[in-house]
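Worksheet: one structure, shown below.
For clarity, chains are labelled A, B, C and D in written order, and residue numbers in each chain start from 1.
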Amino acid sequence: MALTREQIAMRVAQELEDGFYVNLGIGIPTLVANYIPDGVKVMLQSENGLLGMGQFPTEETIDPDLINAGKQTVTAVTGAAFFSSAESFAMIRGGHVDLTVLGAFEVDQEGNIASWMIPGKLVKGMGGAMDLVAGAENIIVTMTHANKHGVSKILKQCTLPLTGAKCIKRVITELALMEIKDGAFHLLERAPGVSVEEIKEKTEADLVIPDHVPEMQLN
Amino acid sequence: MALTREQIAMRVAQELEDGFYVNLGIGIPTLVANYIPDGVKVMLQSENGLLGMGQFPTEETIDPDLINAGKQTVTAVTGAAFFSSAESFAMIRGGHVDLTVLGAFEVDQEGNIASWMIPGKLVKGMGGAMDLVAGAENIIVTMTHANKHGVSKILKQCTLPLTGAKCIKRVITELALMEIKDGAFHLLERAPGVSVEEIKEKTEADLVIPDHVPEMQLN
Amino acid sequence: MSGFDKVVHSYEEALEGFTDNMTVMVGGFGLCGIPEGLIEQVYKMGSKGLTAISNNAGVDGFGLGKWLEKRQISTMIGSYVGENELFEKLLLSGEMEVILTPQGTLAEKIRAGGAGIPAFFTATGFGTQVAEGKETRNIDGRDYVLEPSLTADFALIKAWKADTMGNLIFNKTAMNFNPMMATAGKITVAEVEEIVEPGELDPNFIHTPGIYVQRVIKGENFEKRIEQRTVRS
Amino acid sequence: MSGFDKVVHSYEEALEGFTDNMTVMVGGFGLCGIPEGLIEQVYKMGSKGLTAISNNAGVDGFGLGKWLEKRQISTMIGSYVGENELFEKLLLSGEMEVILTPQGTLAEKIRAGGAGIPAFFTATGFGTQVAEGKETRNIDGRDYVLEPSLTADFALIKAWKADTMGNLIFNKTAMNFNPMMATAGKITVAEVEEIVEPGELDPNFIHTPGIYVQRVIKGENFEKRIEQRTVRS
C-alpha cells in the first residue's frame, strides 16, 4: 500500500534526532511536527524569523504578528527567539539548521531539485527554498513518486527549472525511501506492501536495488 | 598664535549641524564633544557598539561594560542604543554617520591619510580608522601641521603606510583649515595671528592660497 | 532634541519627496508587518513606474496588491508570488518586470546595501536560473554566485514602537524584512503602532537604531489582516 | 529539553576537544566583554600553535595577554595592538604572525563566516597594505577589496545572561564581537554571568539565538578589569 501523506510524515519523523534544529517546508513536511518520536526534542525554525515554532494558536491566542513561513498563524514554544529575515537566512545559509524537509516537483539522480516553477503554467516563486537547499547539509525531500498520470518525478535529469543543483541526498515518497549517491538513486526502504517492481516501474532514474529491500517500519 | 588642542576642537565643533550623527576619534577629536554649539544636538557614535555616547561617569556610576572606542568608561545619553561591532560598522561603512573626526600622522594632497603605523617603530593597528575613512562622506582630520622638528605632515604624498586612499577633504591643524581638492590643499582659514607665510613654510604640499585668507572665528 | 525629532504627523509629510520612477522597499512578509498606511498613501498618490522591493506583493486587493491594481509597479523584486493571481498574471504576461530572488539572498542583498557591501558571494541559486548572467566562482570546493546589493530611494517599514528619535523595536515575526530595509533606504519611513519618548525603549534592546530612520509616523488603523488563519483543532 | 540543555559545569568540560593548532575566536573589545574564565582555562591547558581571532590581544598579563606570555598564539588576527607591549614586540620581531585587519572588516568577515557568505567586497582598506595581494574591483565608480570570511574551530564568547538552551543576551558595549563570533565557531562556548530557565528571556529580544551556541558555562569570578578608568571631573 502506498503511504498516506501522514505516513510519509511519520517516516520522515524517524530521521529526527534529539536536539535537532529543523526547518519544515509547506505541505507534507509540516505534518512531520505531529509525529516527533517520544524522547526526541527538536526546535522548529521558520525562515520568516522564528526559532521555536509551536502549534497553532487557539481562537483566543491568535496573533497576526506571529506567523510561520506558510503565513499560518502559529505560536512560539518556551525558549523561542524572534529575529530578522537576514538573521534567519544567516542561520540557514551558514549551515546551522540540522535538517531541512521540503517538497519538490522533481528530483534527479545528480541530486538536483525542481520545486518552484512550471514554465508557462505556474510561478509560485522560490521563497526560501533555494536558500534552504543550498544551506542545509541534511535535506529530506518528500514528494509523490509519479504524477497522477503515472509519469515519474524521480528522474535521470530534472526537466523543470532547478531550485538547487547537486544538493539532495535523501527522498521519501509514498512508495520508497531512496538515497542519491554516485549518480543514481539507491532504494533503501519500500512502503509496506509495495513491491520493488512497482517502484522500479515508477522510477525513470537509474535505480540501484540491493538484494534485500526492507519494508519501512511505521509505528 | 597657533591653536591649542582645545581651540582646534572648538573650530571643528563649528562644523557640527543639528541632528548630526558623529564619530569622534581618539585624542583631539574627543575634545570636540566639549564645544558643541548652543542649539545644536548631535549623537555621538562609538564604533565598539554605542550610538549616543554621553559624558564620563561618576565614580558611583562607572560601569566596566560601558566603554567607548578608546576603552574609556563612559555613559549613554537618553535615546542611546547598544549594538554589535558588525552593526556598528554597517552604520559606518554604509555611510550613515554624518561626520567623522579623526587624527593622522600625515595627509597628502590626493586625500590620502596615514595614521596607523610607522614601520619599524610603532604599530598601533588600524582599529576602526580604515573603516571610518572609507565609510564617511564627511571627514575632518585634526592634526599638527608639522612635527616637533618642523617637518611638514601636510604632504604631496604620504610616506607612511596609508589608512585610506583619496578620502580626506578637510584638515584642521593648529595653523590652518584646509580643503583638499583637485590635487592640492586649499587654504580656507588661518589661526588668529598666524601668517599665510608661516603656513606656506610648514606645508610641503601644493597649497592654493586665495587673495584673502580669513582668520578663524573662535567664540 | 530638535534635530532628532523624526516624528511626522501626516502620511503626506511621511512621503514628501516620493515621486514616480523611484525605487522603494516595502517591509513585511506576506501581510505580516507591512506599513499599511504608507502603502495606502502611495496608492492614493498614484505614483507610477516604481521599482518595488518586497518579499511578496501582498494579496489581491490588499497591501502591495493595490499597487498592482493601479499598475504602479514597473519592476518588482521579490521572492514569492504565491496565490496572488494578479501578480502571477502580470508576471506571465510580461506587463510587469519581475526579478524573482531567493528570500535569503533578498534579505542579504538589502542588508548589504545598508551596510556598504556592494556585492557578496552566496551558494544560493548556483546552477539555477537565478545565477544566469551572474559571475560564479568556486571557493574552497563549493560553487557560489556573486550577488550585488540593493538600496532604495525610500524604505517604507513597519515597526511596533518607536521613540521620537527613530529608535525602533519590532514585534515577533512582524520584524522580518523591516530592520534591513530600514538601513537600505535613502529615506526610511517607519510606520509604528506607538510612539514613546526617548529613554522609554531599553537601549540594550533596540532592534533598529535611530540613525537609520528619517521619519516616524504613528499608523492610524492597522487592519493586520491574516492570510492563513489557522487554529488548533 | 534534554537535547537542548547546553549547560556545562566545569571549564574542562567547556573546552573539551580544544587542541593545539586550532583556530579560536575570542570575544571582547579591549578587556570589555571577554570570556575571562575560558581564556584562563586555555592558558592553564597551555595549548600551542593557536590561530587567535580577536579584536585585541588583551593587555600585558591579562586577557589574551596571558596567551602571549606563554607563546600560545602562532597567528593573531585582530585590528589593534595599542599599548600591549608584548604584542607589539612579538609582532615586530616576527615571532608571531599578525594579520592586522580593519575592525569593521574583521567584524564583517566573522559575520560572513557564520552566515555562509564566503567572501564580500568592501571599500575599507582599498589602496592600503590591507589590500595587498587581494582582488580589487571597481563597482559603480568606487574601488573595493574582496575579503574572505572567517570561521573557527572554537568561539569563546562572553554574554550577560543565557538560558539553558543557549539563547543569549549581552550587556551594553560588552556585546561588541561576541554575537558574530557565536555564529562563526564550529563549537561556540558562552561564558555568562547568569543562567536562567528557558522562557525567562523575552523571545523578542534575544541577541543570539541558541542555535549558534553549543555550550554555556556560568563564569566563576568576573574581574571585569577596566583599561581606561575615566570619570567626570
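The working rule: contacts are C-beta pairs under 8 Å (C-beta built on N, C-alpha and C of every residue); 3 or more make two chains touch, one makes a residue touch a chain.
Nothing here was measured: the structure is a model prediction, and the numbers come from that model.
Colleague: Using the touch rule from the top, work out which pair, B-C or A-C, shares more C-beta pairs.
Modeller: Contact tally favours A-C.
Colleague: If every chain is reduced to the average of its C-alpha atoms, which one ends up farthest from subunit C?
Modeller: That would be chain B.
Colleague: Let me have the rounded angstrom distance from the C-alpha centre of subunit B over to the C-alpha centre of subunit C, please.
Modeller: 36
Colleague: Could you state the distance in Å from the CA-based centre of subunit C to that of subunit D?
Modeller: Distance between chain centres: 32 Å.
Colleague: Using mean CA coordinates as chain centres, what's the subunit B-subunit D distance in Å?
Modeller: Here the centre of subunit D sits 29 Å away from the centre of subunit B.
Colleague: Scan subunit D for residues touching two or more other chains and write them down.
Modeller: Residue numbers touching two or more other chains: 108, 111, 115-117, 122-123, 170-172, 203-204.
Colleague: Do you know which subunit B residues sit against two or more other chains?
Modeller: Correct list: 76, 82-83, 89-90, 92-93, 135.
Colleague: Quick one: which chain pairs are touching?
Modeller: Here the touching chain pairs work out to A-C, A-D, B-C, B-D, C-D.
Colleague: Quick one: in the complex, what on subunit B touches subunit C?
Modeller: Within the complex, subunit B touches subunit C at residues 17-21, 39-43, 45, 51-52, 76, 78-83, 87, 89-97, 135.
Colleague: Okay, in this complex, where on subunit B does subunit D touch?
Modeller: It comes out as residues 46-50, 55-59, 62-68, 70-74, 76, 82-86, 88-90, 92-93, 112, 120, 123-131, 134-135, 161-166.
Colleague: List the residues on subunit D that touch subunit B in their complex, please.
Modeller: Within the complex, subunit D touches subunit B at residues 29-33, 55, 78-82, 88, 91-92, 100, 102-108, 110-111, 122-130, 143, 160, 170-180, 207, 224-233.
Colleague: In their complex, what parts of subunit C are in touch with subunit D?
Modeller: So the residues of subunit C touching subunit D come out as 108, 112, 115-123, 139-140, 142, 144, 148, 169-172, 202-205.
Colleague: Under the definition above, what is the set of subunit C residues touching subunit B in their complex?
Modeller: Residues of subunit C touching subunit B: 1-4, 111, 113-117, 163, 165, 167, 183, 198-199, 203-204, 206, 209-212.
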